[in-house]
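Two complexes come next, and they have one chain in common, chain A, joined by chain B in the first and chain C in the second.
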Partner chain A sequence: MTLSRRGFLNAAAVGATGTFAADMTRLDTLRHSAWADEVKTQGKRVILLWLAGGASQLETFDPKPGRPTGGPYRAIPTSATGVHISELLPKMAARIQQTTAIVRSLNTKNADHGGGAVIMETGRIKDPGIEYPDLGAVCAKELGRLDSAVPDYVSMYTSTEGRRKGGSGFLGSRYAPMFLSESMQPENIRRLESISDLDHQDRLALRDLLAKKFTQNRHSDSLGSHTQAYQRVRGLMASEKLFDIEQEPAEMRAKYGPTQFGQQCLIARRLVEAGVPFVKVARAWWDSHGENFETHRELCADLDHSMSVLLDDLKDRGLLEHTLVLTFGEFGRTPGINSSLGRDHFAAAWSATLSGCGVRGGACYGKTDEDGHKVADGEVGAGDLFATILTALGIDPNKEYHVGARPVPLSDFGSKPIKDVLV
Partner chain B sequence: MASDPTKLQKTKDIGIPSIAMCVARVPNSGRLIFGSSDFKLHEIDVFAEKPQPTTFGGEGHQSYVTGVVLTAPNIAVSASYDGQLIWWDIEKREPTRKVKAHELWIRRLVISPDGKTISSVADDMQCKLWNAETGEMLRQFSDHKPITPHDFPSMLHAVTFSADGKFIATGDKVGHVAIWETTSGSKVATVEAPGLYTWDPKQRRHSIGGIRALAFSPDNKLIAVGGIGQIGNIDHLDAPARIEIFDWQKGERKHELNNDKFKALVEDLVFDPSGQWLLSSGGAGDGFVTFTNVETGKTIHQDKLPMHVHQLALNESSDTLFAVGHHKIVVCEFKADPPPADPAEAAKS
Partner chain C sequence: MRWILRINFAALWLLTIAVASNGAELPSADLPIEQVIDQFVQQRLDAEKVAAAPQADDANLLRRLMLDVAGRIPTSEEAKGFVANGSAAKRVELVDRLLASPDFVWHQRNEFDRMLLPNKPNDGDFRKYLLWAVKENRSWEAMFRDMLVGDEADENRKHALTFIKSRARDLDDMLNDTAIVFFGVNVTCAKCHDHPLTPDWKQHHYFGMASFFSRTYVTKKNLLAERPFGEVKFKSKRKDDTKGEQTAKFEFLTGSIIDEPVVERSADDLKKIEETIKAAMQKDDAPPPEKPAFSPREKLVEVALRSEDNRFFARNFVNRVWDRFFGRGIVHPVDQLHASNAPSHPELLDWLTRDTVAHGYDLKRLIRGIVLSQAYSRSSEWTAGALPPESGLFAVAKVKPLTPRQYALSLLIATHNPTQWPLLDQAEQWATRREQLENASNGWSGQFEMPGENFQVAVDEALLFNNNKRVEDEFLRDSSDRLVGHLKTLSDNQAVIETAIQSICSRPPRDDERTTLDEFLKSRSDRVTAIQQLVWVLLTGPEMRFSF
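The block that comes next holds the complex of A and B.
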């Protein structure tokens, strides 16, 4: 059954203009589980700040000051009582209680860039028999609107190292990301000057006619997905201005600052404000095998400023309670410090954050041991983190898609949401 | 005894539990005072039969100890990423004075040749001069921008006094060196070594490198600048150790030296008192030591060391080096052979 916001609102409107009995109809509407689910997810958005290459949990959200593994940076108190984070994140420290939950007990078991990225993109290990959609595609499907004029999933990854597009897997190309890699503006989105707007509409109509004839008596998910993608072309073309930060007042651009990551965070805010359900901003590259502390001094300054301004801006616009802002990458970094004063790949005990929508600000879940080598309390995997994300968005993580006859739950089999970080 | 870099041989290799970031040597001895990643100062006599570090006590630093100098026979001053300078009674191994010196991480501490002034540099991009005895700040100056041209925080890693103490030089992350008159605080020259700073605008979008070591030649005419060359993959210290030598008064670059054997970061530079050779050391995975002919720029001798070296000390005759670094302290000698005996004297004996 396909439901839409419009369908629900029509039903609700009938109730609103009717009698007491009609009001009861509204309540019945909410009892209908699928519609009730849609109410829960209405207007929900996600911004994933993907810390590509693997940020160090010890220099961000799980510092170990004074321990042999702790590195030189101090831990500073945050606005949440008893919660300390690295001194490299002073702006975020002031915002933890109001906005952000920290999960310090991720054990995702795979410390290889490619394998780790698959796990943290899809919330499960790779299965050769099935191509899973990534979090962005799932959110695009669950939070997007069929009649939306904006993209459902935008992914920005402008550095080249470790660049990954992400993918919609078995959900099909309808939920694949609009991928920005070479510039912050979508490429090939403008109508060619040699074609008039009328010509363009006529071409779409002709394509639609031919497609309908072709698909008669043919039942294929990929054909349907292809057609749906074309049906959204004109809306997507009209979304070009969303990527243009020159449309913002100079004061707002100045707040986000001059770095590319800051500017991409501003674009992300513009996109979610316009209704894009999922935006991924990749900040590469944190893979600090050498000079870990200098690398994190640079990159944490960028993260701290950009993330803080983004959260403030979302809050000021009344968007934060509907927008979930996430930080994680493919893994964390080793507690051990190598001879180049670097840290290497590490997936056994690392951190992620969730801010905003559905999240209990100031919550700090899980614990690593005193040197950060192992999870000491509250171990969770990628599936649990994904179940938490989906729950925060009002999406049932146990809901199933079907690939042929095979049921596939949205978050991995056996995963559970971390209730302590949810409101 | 004269030195001969070609005779370099390791004579001590001592394991330590922490990463030694800095060292000062008690004159005419094998006693080293080193600061380390455990936030503490330690003392070790490397010439003892079984060298064992002894740790200083009291309320010390709150982060890595990145600088230590001896200001009097029984007094050491240390600096740390915690922004503090601490004066220590060496015999008691207790702190005697603390000064909040910088707002951000102190990267290096040096002492003037007359022992009266110490200088600290930090990521607040300030160079500060301190009365070594009283702890009073004498002056501060900076010619270093806090933000790199690529909008990230810069760092001020390096500072050195000239051999006569008249000048002081500071070097930052993007390769800018400023040279100051010590007594007036006036800037007298600048040199640029941008080849020591790698900005990756596309693949990884951050930077690495910077000036990590500075040294004036004994006649003050030259300044050597050390770090690492242009790195392709900035995840690693994957470029040749690099030294540039300038005739700073003329504003000319005399040598631009990329090490042909070691991919590494130059952490320390020391001129031979005669000015004939320049000793550089540092590391990546392992460590290295290189002696360079100052006149020709040719390598006289170089060898691998068993750890990434963070700082060196030389003995009085400049024929023995004491290197501290990643979980090790190493002593190397490079003594010239004694001159051949006079045949007439030999016959008499």
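The block that comes next holds the complex of A and C.
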């Protein structure tokens, strides 16, 4: 019995693999005409630590100690000569020179949660005629493999405040994120108990075998994507263990610590290590209209610890030179302190960081004025930041997608990479 | 019989009475639509020396027609009945039956809904309006007026205004979506500068269109209103601009300009009007604002529909309906209706546009003509070479992903016990059933992605079918009302295979399927499990996911 069943499975699998290999070759040659480009992006990955709600640049990477806008915290020197950051980030301070570049001159113009998030997710302002893909989808497309056995875009957002799924816009649902919000296990990734593993494989193989006749003489990219989606199922199911931090040694789990954000950073590391090109981990909720300083004391401690452990861990595994770790949210916070000891939304002069892959550690680009109200030097927009990110990954930011007849460059028209923070 | 008649070209040209936009004479307006479609499509195939794919077989054609016109796959009885019917008129009869059926009403409602409110699929009131309009066979022209001008006092039509209301907070949304959906043009690029790709779109076109919407607002009580005054100013973002700030005119896409009568208002009057508007926007109990003597949206509808300016509205209607059935517009993409983007068949578009205007934008008439053409009923298989010819030749039928609603309905129908459908002649019973199916499909259709251009199936969908308990509970359940429940009562493997494939794929099994699936069933000790897996294999196949 078992023998004949396995025999059936094998026969079906051979047939299916044959067609699939042929399809893949065709798609690959269509989409990657320039092999050199592909080599540049080979094995590159991104982890975006999304500071949801808008972290204060003054309590993180652009402190203004002693100024009326400065708040109660001190600035401390970092390992990079002359660069000071908030005392709330002591562990990161010790790692700036080795890993991290700071951009202090972002002016992204929109200080509304929804609008700001769109700008910082897509690198451009919302345009009613077109739905732009977010950074994760662009990286999934540019860095991922069509036949990838792992997800190519994972997004974790557990908090309900400001929860946004992000999206692949005109790139289509092939590049939409695998979205984890309620639980740390992706939906539908585990086999139901009512079917055995062998039966599960068997029925997929039989499905492929029967589908072959239909797809043979019909030419459609959508049809191809259906085949591929089913071909990827078993691989993705095998990646279930990537989301399980119990697979890590106790010592490693202890390093990342007990916070949810820390644990998600550990999952992010497991994912990029397995080849997932883009992972977003959202940490909420930085929207400190009241009690800004208390909020930041707590959230910065979590960010400082989790981010530095993550960078160390990536470095120890030789992954950091291929992995770009980013921090930003939808905007920063006002230099002015309101009557509830809070800081409000502010997009005119705030900071982001880039660490690892392609980044000049210790670089500190741009300046805000004495009190942090305005950019004093090196103003850049979201498009420039995105061009920088893509360049760091070996992706040409001027490359164009075509939406109907309309050319859409990967980073917004007129944007330029910030060369000073790149190696 | 009409649809298979060969066209007599000589006779056609003798009958010509009108001239196409390129100066060529158009065939007679009295010819059947399907005949004119086939004439022009064939002409271009001949010119390009391409032999089209053969006609699809009956089972394939029926499935395509059902999905396109009724929004669902046929029941196995419907499928078997159509194939067995020997009448030469069966296709025409089927199309006429479907167009008169409640299935068409539901499906057309769903199609309008996804075109008009793509991001708000469950707006109940708007969907009610659409259902009413389709039932009434309301013309597209009248629907356009309902949606843009409307009448808050008319119970049936007032919710049509949701089209504007849902976008009223954003001027760009109102004007872009109106331009895209009703006129087939995407003028977004022209907001900041003259359109880089087409000389048709200048910045003043964008702001000219914007001026028709700039006075629109929604009151606190959710009534649509317009201010009696207000101008749109704009400035080019080009560095070499010398014009400075300009005031937009009420300018339609054709260049036609509407003049607003000058009204003198005292500063006091202006203040009073502003206060009334402010109150209407802020207070629940404020009286509804008075309708201004000059309504820009009313003027837009007027100019867009009058004969000297209706080419955008009319061509867009034809092109969008064509695109829905062929999976590609005569002008493609459908929102690029301008001089630099030539139609694949210019005279055909002209002829169909003239026909549509002459017949009052009658949607059913146009659909009937399209689906009776031979161009529509070709096979989707291309065996004449490695790659099919370019899609604008319509030489081979396109494989089209189902909409979430089509897919959900079809899954429900396929997995239902095939012996338990109302008979075809019981029209009233079927109407009730269809409504139930429509409701039952709500949950499932929310699970799938709405296909757009270059649609790709997400891996989430494959994971859902592989590992979700609801799939098992609802589609593979072996209770007597389900397909699996019926199949398990059949003792013969071939009967199981035939019934399953007929129910799910609307056709008899091929020989290779009979052999493979028989082998599969025999290799299984647990028969119900084996049948469930067989049904799963067919349900998740591409034949179920696409219209072809």
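The rule we apply is simple: the second predicted complex is superposed on the first by the 354 of 423 C-alpha atoms of A that agree within 3 Å, B and C clash if a C-alpha of one lies under 4 Å from a C-alpha of the other, contacts with A are read in each partner's own complex, and residues count from 1 in each chain.
Note that a contact is a pair of C-beta atoms (placed from the backbone, for glycine too) under 8 Å apart; a residue touches a chain by one contact, two chains touch by 3 or more.
As the structure is a prediction and not an experimental result, all values here were calculated from the model.
By the touch criterion defined above, A:Pro68 lies against chain B but remains apart from chain C after alignment on the C-alpha atoms of chain A. Of the two partner chains, neither chain B nor chain C is touched by A:Lys416.
By the touch criterion defined above, A:Lys315 reaches neither chain B nor chain C. Contact with neither chain B nor chain C is seen for A:His373 once the two complexes are overlaid on the shared chain.
In the superposed model, A:Asp202 makes contact with chain C only, not with chain B. Counting the residues of chain A touched by each of chain B and chain C gives the higher count for C. According to the touch criterion, chain A has no shared surface contacted by chain B in one complex and chain C in the other. Of all residues in chain A, those touching chain C in their complex are 1, 4-5, 8, 127-130, 151, 170, 172-176, 178, 186-192, 194, 199-200, 202-204, 206-207, 209-211, 213-215, 217-223, 225-230, 232-233, 236-237, 404-406. Only residues 17-19, 37-39, 62-64, 81-82, 105, 123, 151-153, 155, 202-208, 234-238, 283-286, 307-308, 326 of chain B touch chain A when the two sit together in their complex. Across the complex, chain C meets chain A through its residues 170, 172-173, 176-177, 180, 186-189, 197, 333, 335-336, 341, 380-383, 387-388, 398-399, 401, 449, 451-464, 466-469, 472, 510, 512-513, 516, 519-520, 523-525, 529, 533, 536-538, 540-543, 545-546, 548.
Chain contact summary for the complex, chain A toward chain B: residues 53, 65-66, 68, 71-74, 158-161, 257-260, 283-285, 287-291, 294-295, 297-299, 301-302, 337-342.
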